[in-house]
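First chain written, first letter: the chains are A, B and C, and each begins at residue 1.
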Amino acid sequence: MGKGTAERVAPAPLVATSRQRRLISGDDVFRAVAFAAAALILVIAAIFVVALIVPALPAIARFGLGFFIGRTWDPVRTQFGALSAIYGTAVTSVIGLLIAFPIGLAAALFLAEESGVRLLRGPLSFAIELLAGIPSVVIGLFAFFILTPLMRDDVDPFLNHTLGFLPLFQGSPSGYGYLTAGLVLAIMVLPIMTALSRDVIRAVPRALREASLALGATNAETIWSVILPYARVGITGAALLSLGRALGETIAVTMVIGNRNEISASLFASGYTLPSVIANEFTEAVGNVYLGSLFYLGLVLVLITIAVNVLARLLVWRFTGSEPMAT
Amino acid sequence: MSRPLVRIFLDRLVAALIALCVMVAAIPVLVLLLFVVIKGLPGLLTPGFFTDPPHPQGVPGGGVLNAIIGTLEIVGMASLLAVPIGALIGVFLSEYGRNRLGDTVRFISDVLTGLPSIAFGIFGYTVVVLTTHHFSAISASVALAVLMLPVILRATESALMLVPQALREAGLALGAPSWRVTVEIVVPAALGGIVTGALLAIARAAGETAPLLFTAFGNEIVQSNPLQPMGALALTVFRNALSPYQNLQDQAWAAALLLVLLVASANILARLYVRRIQR
Amino acid sequence: MQTEIAPRPVADADAEIKLDARHVNFFYGDFQALEDASLAVQARRITALIGPSGCGKTTFLRIFNRMHDLTPSTRATGEVLLDGHNVLDPDTDVIQLRRQVGMLFQRPNPFPKSIYDNVAYGPHMLGWSKSRINDIVEQSLKDTGLWDEVQNRLRRSALNLSGGQQQRLCLARALAVEPQVILMDEPASALDPIATLRIEELMQDLKKRYTIVIVTHNMQQASRVSDFTAFMLMNQRRAGEVIEFGPTDDIFNRPKESRTEDYITGRFG
């Protein structure tokens, strides 16, 4: 190839011939494939809605909205209500959040802070990520064999002894029940609470922090009067996302909740949560109404989690201006 | 003039409280891993653990071959479904997704991310098990694939968004059609992020139990037919833990250790891959 | 100022005009960024676009190979004739156009692939044979003075090259599809003086075979390398206009417009 390369090649015509124009271009094909993939997720979502509702129909037809306030769960007389499972879900999730919230927030403050003990930040970050990656059935296994005896023999009796005047801490502890399940949930939502709060706190403008410190405020005063007020909305969102995670956790809770259809004031008592009823009774459920009631519980669970999650995402999104990263 | 002293005391107190919480946050994972290793390692090293089928209840010995094959096959099939589709949807979001349809897809993906894992089990049960009248490995793969989709598609989208616009322009200025620029230049440039997203999704799917309960259902027999019920490590941990036999409980710990190792290696692989790409 | 024929470089009345922009207007949504811009680019010469930042130089340049299509809600009117064919015509095959009108960008933007694959990308896309691709890769790298520097590491990543080498690689990549015109958008703005000099020397070589249009904010560069210069300025409506166009020597030494003179002398002291 010599010098005059450019001249020797005749330039192609700049106007596509009518035949070329009639052919579908590669761009059109690729765009169509990409749009088809996007449409597929819409189809999946539609099927998902149907898949959640259809198997629940026998129970919906039988119990209607009364399902939400029914306390009985009696397979023999095929009489079902969701109230005790909703109660158990709410109680365990709130316990989990009450424990995970302050610890996660403190860990997040530690991780987001520039000063402090730098040496510890890496390991803590690593530990939290490690915890996030552990399958929930493994946490359940740990809780079932290690945590429940500890609760039964030490923690619960101690609480009963010191705070036993409250109805919450009365009764005889078995190790299984709301409190243990709540503790397990706290462990499970700690990573997400920490990671999300850390991102929110990092989004607080550094200038604000430095201005406060420059005015002579201590670190603690800066956290209390600058960082927390500024990040309040985002932290609320992080807590709600953690709550959403806690509501739907199935396996680990099923292993320690005690699986009893009761509503008890005592946190030592065995109970049920929405997902654990489904997981626990699916194999033994016979008959359309019994099986349908399990799926009705599933539907209720999904509706509650979607509501909590959408609210949380709106808050986090409004605060950081970006999507929450933890999934 | 005790105000400054009070302020300093409060500052120290808060710092101490934060340090305490940090330790409390780090302790559970350490204790948990310690127990899993100590209680799981002997079982993992028992001859036959990897190669034998489970023995009937009460008969000592036996392995988890059924569950190992099951987890690999179920998660493998789920990845074959979810990775290409998820990556393609990610491409859609970054290249054609600045519109109403794109926002809808993102919203649905976020909603799916927040759904409890048991909901995916119900999805697999209704869509595959009810229509085929059969518990099967493939129904579990379908459930897990839907669970993996949002992770993969959001990872793909953000990886593609990080590819500089200048690279696209360079390709287009050479007279390349835009689809070829996307496939041959933009996607390869973002491959690190896409692979990482896929590995994280695989790690998450491998550890899930709830979606398998009414899909794969579990199977003590060693078999690899995707249309039949199948065991999985997570199911072995769950069922054996609740059994009254000591040897099965030991096996649950060993299976848990194996599961943790599997999930951890997928996570580590993801990190290593990112590092290699960045270099 | 609405003349029928674009202002032409006066040096040679019979000169071959490669690219002829006539009365081009350009809009970002409702905002007009170019107003009645005309420019006749002579074949196998270097034409420079100069002017203060924001005067529409780059916008004008990107119309020549329809890169503005990539920005949503933009619109160009008027005519840009390439060998007599209107580039702005909706029937124009943009892909063919961009193969004939190559582009070099402000910052080196090699693909994250090997050196060889960077240059071979265009020819590979055109479906050329393996041996023809090998030939054109070698030729293009020789034309840009890179061959001796990289012939032993063609399979290594292009990202390991220095900035100046990367920019010459991008030039080789553009040459490999055998364009007629090369558009350069401040091609040396991210390079050190030595690498800049290297690019300028290359341009003198390349103008024997290619028509080059270069946007530059550096007037010394324009006076050093170009045969013709167009001076652009923003008017009262903040739209870019071609104020004066002619042989580089005339623009810099005997400008007809006082605004050109102000700009040139303001900068040249």
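By our rule, contacts are C-beta pairs under 8 Å (C-beta built on N, C-alpha and C of every residue); 3 or more make two chains touch, one makes a residue touch a chain.
Values in this document were obtained by computation on a predicted structure and should not be read as measured data.
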Would you pick out the chains that touch subunit A and also touch subunit C?
B
Using mean Cα positions, find the chain sitting nearest the overall protein centre.
B
Maximum distance between Cα centroids and subunit C occurs for chain A
Any idea whether B-C or A-B has more C-beta pairs in contact?
A-B
CA centre of subunit A versus CA centre of subunit C: separation in Å?
54
Subunit B and subunit C, separation of their C-alpha mean positions in angstrom:
50
What whole-number Å value describes the gap between the mean CA coordinates of subunit A and subunit B?
15
Can you list the residues of subunit C that touch 2 or more other chains?
96-97, 99
Set of subunit B residues in contact with two or more other chains
177, 180
Sites on subunit A at which at least two other chains make contact
none
Per the contact definition, I'd like the list of subunit B residues that touch subunit C in the complex.
164, 166-177, 180, 184-185, 188-189
Note: in the complex, subunit A contacts subunit C through residues 1, 3-7, 9, 11-16, 20
Give every residue of subunit A touching subunit B within the complex, in rising order.
25-27, 29-31, 33-35, 37-38, 40-42, 44-45, 47-48, 50-52, 54-55, 102-104, 106-107, 109-110, 116-117, 120, 123-124, 127-128, 130-131, 133-142, 144-146, 187, 190, 194, 218-221, 223, 241, 244-245, 247-251, 255, 275, 278-279, 282, 295, 298, 301-302, 305-306, 308-310, 313, 323, 327
Which subunit B residues qualify as touching subunit A in the complex?
7-8, 10-11, 13-15, 17-22, 24-26, 28-33, 35-36, 39, 85, 88-89, 91-93, 95-97, 101-102, 104-105, 108-119, 122-123, 125-127, 130, 146, 149-151, 153-154, 177-180, 182-183, 203, 206-210, 213-214, 234, 237-238, 241-242, 249, 252-253, 256, 259-260, 263-264, 267
Going by the contact rule set out above, which residues of subunit C touch subunit B in the complex?
65, 67, 70, 95-99, 102-103, 105, 107, 109-113, 121-122, 125, 170, 173-174, 177
